[in-house]
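My questions all concern the structure below.
Letters A, B, C and D mark the chains in the order given here, with residues in each chain numbered from 1 onward.
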Amino acid sequence: MNDEFTADEAMTVAAARELTDRTVCFVGIGLPSTAANLARLTHAPRTVLVYESGTIGSKPATLPLSIGDGELAETADSVVSVPEIFNYWLQGGWIDVGFLGAAQIDPRGHLNSTVIGDYDHPKVRLPGAGGAPEIAALAKDTIVIMRQSPRAFVEKLDFLSSAGSPSVVITDLGLLRPDPDSGELIQTELHPGVTAEQAREGTGWDLKLAGDLTETEPPSNEELTVLRELKSALEQAA
Amino acid sequence: MNDEFTADEAMTVAAARELTDRTVCFVGIGLPSTAANLARLTHAPRTVLVYESGTIGSKPATLPLSIGDGELAETADSVVSVPEIFNYWLQGGWIDVGFLGAAQIDPRGHLNSTVIGDYDHPKVRLPGAGGAPEIAALAKDTIVIMRQSPRAFVEKLDFLSSAGSPSVVITDLGLLRPDPDSGELIQTELHPGVTAEQAREGTGWDLKLAGDLTETEPPSNEELTVLRELKSALEQAA
Amino acid sequence: MAELLSLEEAVAQLVHDGDSVALEGFTHLIPFAAGHEIIRQRRRDLTLIRMTPDLVYDQLIGMGCASKMIFSWGGNPGVGSLRRFRDAVENGWPEPLELEEHSHAGMANRYAAGASNLPFAVTRGYLGTELMERTRTVATVECPFTGEELAAVPALRPDAGIVHAQRADREGNVQLWGITGVQKEIVLASERSLVTVEEVVDELEPRPGAIVLPTWAVTAVAEAPNGAHPSYAHDYYDRDNGFYQRWDEISKDRESFRAWMQENVG
Amino acid sequence: MAELLSLEEAVAQLVHDGDSVALEGFTHLIPFAAGHEIIRQRRRDLTLIRMTPDLVYDQLIGMGCASKMIFSWGGNPGVGSLRRFRDAVENGWPEPLELEEHSHAGMANRYAAGASNLPFAVTRGYLGTELMERTRTVATVECPFTGEELAAVPALRPDAGIVHAQRADREGNVQLWGITGVQKEIVLASERSLVTVEEVVDELEPRPGAIVLPTWAVTAVAEAPNGAHPSYAHDYYDRDNGFYQRWDEISKDRESFRAWMQENVG
């Protein structure tokens, strides 16, 4: 049944759909890796997955739990050192799409994955920037995936970890894209059943809606089947 | 018979003897490679040969004809890229001894392998600096091997290709080392049968002789046997 | 030439109080056994260096071995936070932890510059981020040919660099394969290097994707079977994903953490 | 994604008059067949780039394809001079050849900077040599942390980069092994890249020491069996050392050179 899917499933499927076949993706673990593998196992079989651990062209049968799982190396076209993956492959300009998540995003698409609160006396110390600053700056295109809530979608970041202008931000409520004039992220699409009011409530800034706000195509049976198989295999492995 | 050897043989044997066991050598093709392999096959079996083509720990059974022979890769502990061999291994400080040859050397031990005559209108265009500038600057110690003649041992180089201060210069006539006070290369040893006069005539500057000028130990039977086997195998391969 | 030592001897000789120490590994081949030995030997005031500090750094921090960390991403991969790291930063327990924070590319290039005996590395990262202002070890440099401004980061040359590998031979030559991360760079950049290995073998058979570190580039080799657990050693054992999840519970409060360490590390 | 083309088509599409072209190979896997095709297609005014220009560059220069060479060591390895190169530099025949001359480490780092999309690279080389003054593309840069002065060289990004490899699969993924030199750097640094291969196979079996260039990082692949002769292709054929020695004779004067080229290259 198409109408039975969670908000997270709608988000993951929408992210997978952003990838066309043969896209070279630099993927982090978690939602980005799930979305990229979903694309690879459905409409875009030749999507190229590049992980920052140095694996190029990984074709994992199940979702990796970490960015350096053995299966990523075993199924890769090539495994290179970490300096090489960042210098020759990412900075060298070979990555079409970089997938990013974060704890906070601002209306310009800048991201925070460093701290909540003051840097020197943080309320929450987050893991840190990782590869995000260079992915945001050096991939030809950046896609952000994160759940839309007023604590995450903020007017001002607690810390600017990576400066980027994503072409699209994919959330559990819908999609945001930069306004062509102002550059500010505006809501351009909502997932089926989500209201504009929910999107506004999920955003910590005064969210603008696109004039032609549309509804995303609901996840297909095939997409949901593959996604659920991926997730259940992942849970068994953990 | 120990007393039947050529001047070139005396030179190569003297160069091999400069290497102690486990020395890590950066070797160019020709005389340096012959000397380093002679050392490895006689008194210093664990001499480590590093070739600028990227082979580390090559153990060729026969002398390589070029710096990138397949046998150098097949018998190596590790084969790395050319940027890596220069950056991580030579510049990184792992090379004990760099062996160099050149067309000209001056009293400071600087070398020319670029041109004879004026740079823009050379009498002879030589191959160029190659890896010599960094070998001279970055190996812990540098040994120069070249035949001693007034055209090669010059007061002033036609071009300064590599700036180095070799600890020893090994020639077909004997050995020169820097004077501890002035730094100028002076003749410290002569091969058996070579006279001080011959050394002076073979040098384009006013050559000084060490106060304790000594005679090198003649090549042993073992050294000559191994060296001649190496050379004859090389000639058959060519 | 590398000395073959016991893990206990190796850590005693190579790691001293106040040292900067990098125990590297990118998910794969994380030198847990060596980290635990550092804890047992009660090293103090260490500057811990790592791109992706995970459980073993959480343990070192929680046991009070570290006063500073240089890193780019500190978390429990696929699970969440490092609770002992957070407790140190947020509450100063068991002692305050100074942070020097970079991006992955910056750290990788800092190691590569160290291995290359260069004082700094150049990267297109950092620009436009608050790391530029916050992290004192990020500067800019101008290209002498184009005038373009780029980020510069200083070389990292740890006092001790520690990695885990699958094998060494009896001469101390080291072989590792699978995801090799920044292991070569660490060994070459560090003042002293320790490689713990799954096993010491007679001969290192060439393998696809394997790198070899010659014995003369390594200070010490110590046999430590299962020494990367709960991370994995490609072709030896898998990642213990369950342990990474259990760690979240174990490390949740100070008492359960200390009790677990006491019982399992000593 | 790499196009699988004939060598003739590939050179016609990728190499144009006036281009900067690097045909790389460090003794091993030198792309002779591609060089000969460039000569047959009568390309002119090329800037030839290579660390170790050898016979194929001697041939390109002697046939009047080049107006400039960027290099670090130009000779006939183990034999002596490149006579056509010398004739061009010493006598301007068949036309003058401008030289831009570096050291090996400088060239390797220029390629690596190109592959890394950086405008320049830093090295400890050059200092104290006349290359510092003579070669305009060497400058100095100051470390922003230590104040130390180092040599800087600009990135190389050839219009066309050409290498030879053992194999490609039908998708255009390339595999090479043995001495791999700067081949990866050239392919990644160049605007357009051509890889000639000994054979196109169904599958690239992993091999010790092999590197793989994914099809999407390569512009064109052309099958050219024996395409590295008289250099060698590891596990395919040996170096034709006799030819390197005969070349000294063939290239000794202009007439014998041109006659040989006419007969053997066309």
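Please note the rule applied: a contact is a pair of C-beta atoms (placed from the backbone, for glycine too) under 8 Å apart; a residue touches a chain by one contact, two chains touch by 3 or more.
Since this is a predicted model, take the numbers as computed values, not measurements.
Between the contact lists of chain A and chain C, the overlap consists of D.
Relative to the C-alpha centre of chain A, the farthest chain centre belongs to B.
Centroid to centroid, with C-alpha atoms defining each point, chain A and chain B lie 58 Å apart. Averaged C-alpha coordinates give centres for chain B and chain C that are 41 Å from one another. Contact of a single residue of chain B with at least two other chains is seen at positions 87, 91, 138.
Multi-chain contact residues of chain C (touching two or more other chains) are listed as 112, 117-118, 123-124, 184-185, 209. The touch graph of the protein chains shown belongs to none of the named shapes. Here, these are the chain pairs in contact: A-C, A-D, B-C, B-D, C-D.
Contact residues of chain A toward chain C in the complex are 29-30, 52-55, 65-70, 72-73, 79, 81-83, 86-87, 90-91, 114, 119, 122-134, 137-138, 159-163, 237-238. Contact residues on chain C toward chain D in their complex (touch as defined above): 117-124, 137, 139-141, 143-146, 148, 150, 152, 154, 206-210. Every residue of chain C that touches chain B in the complex is listed here, in rising order: 1, 112, 115-118, 173, 184-185, 188, 211-214, 216-217.
Across the complex, chain C meets chain A through its residues 26-28, 51-52, 71-75, 77-78, 81-82, 85-86, 89-90, 101-105, 108-109, 111-112, 123-131, 134, 178-182, 184-185, 209, 232, 234, 238-239, 241-242, 244-245. Residues of chain A touching chain D in their complex: 22, 24, 48, 56-57, 77-78, 87-88, 91-94, 138.
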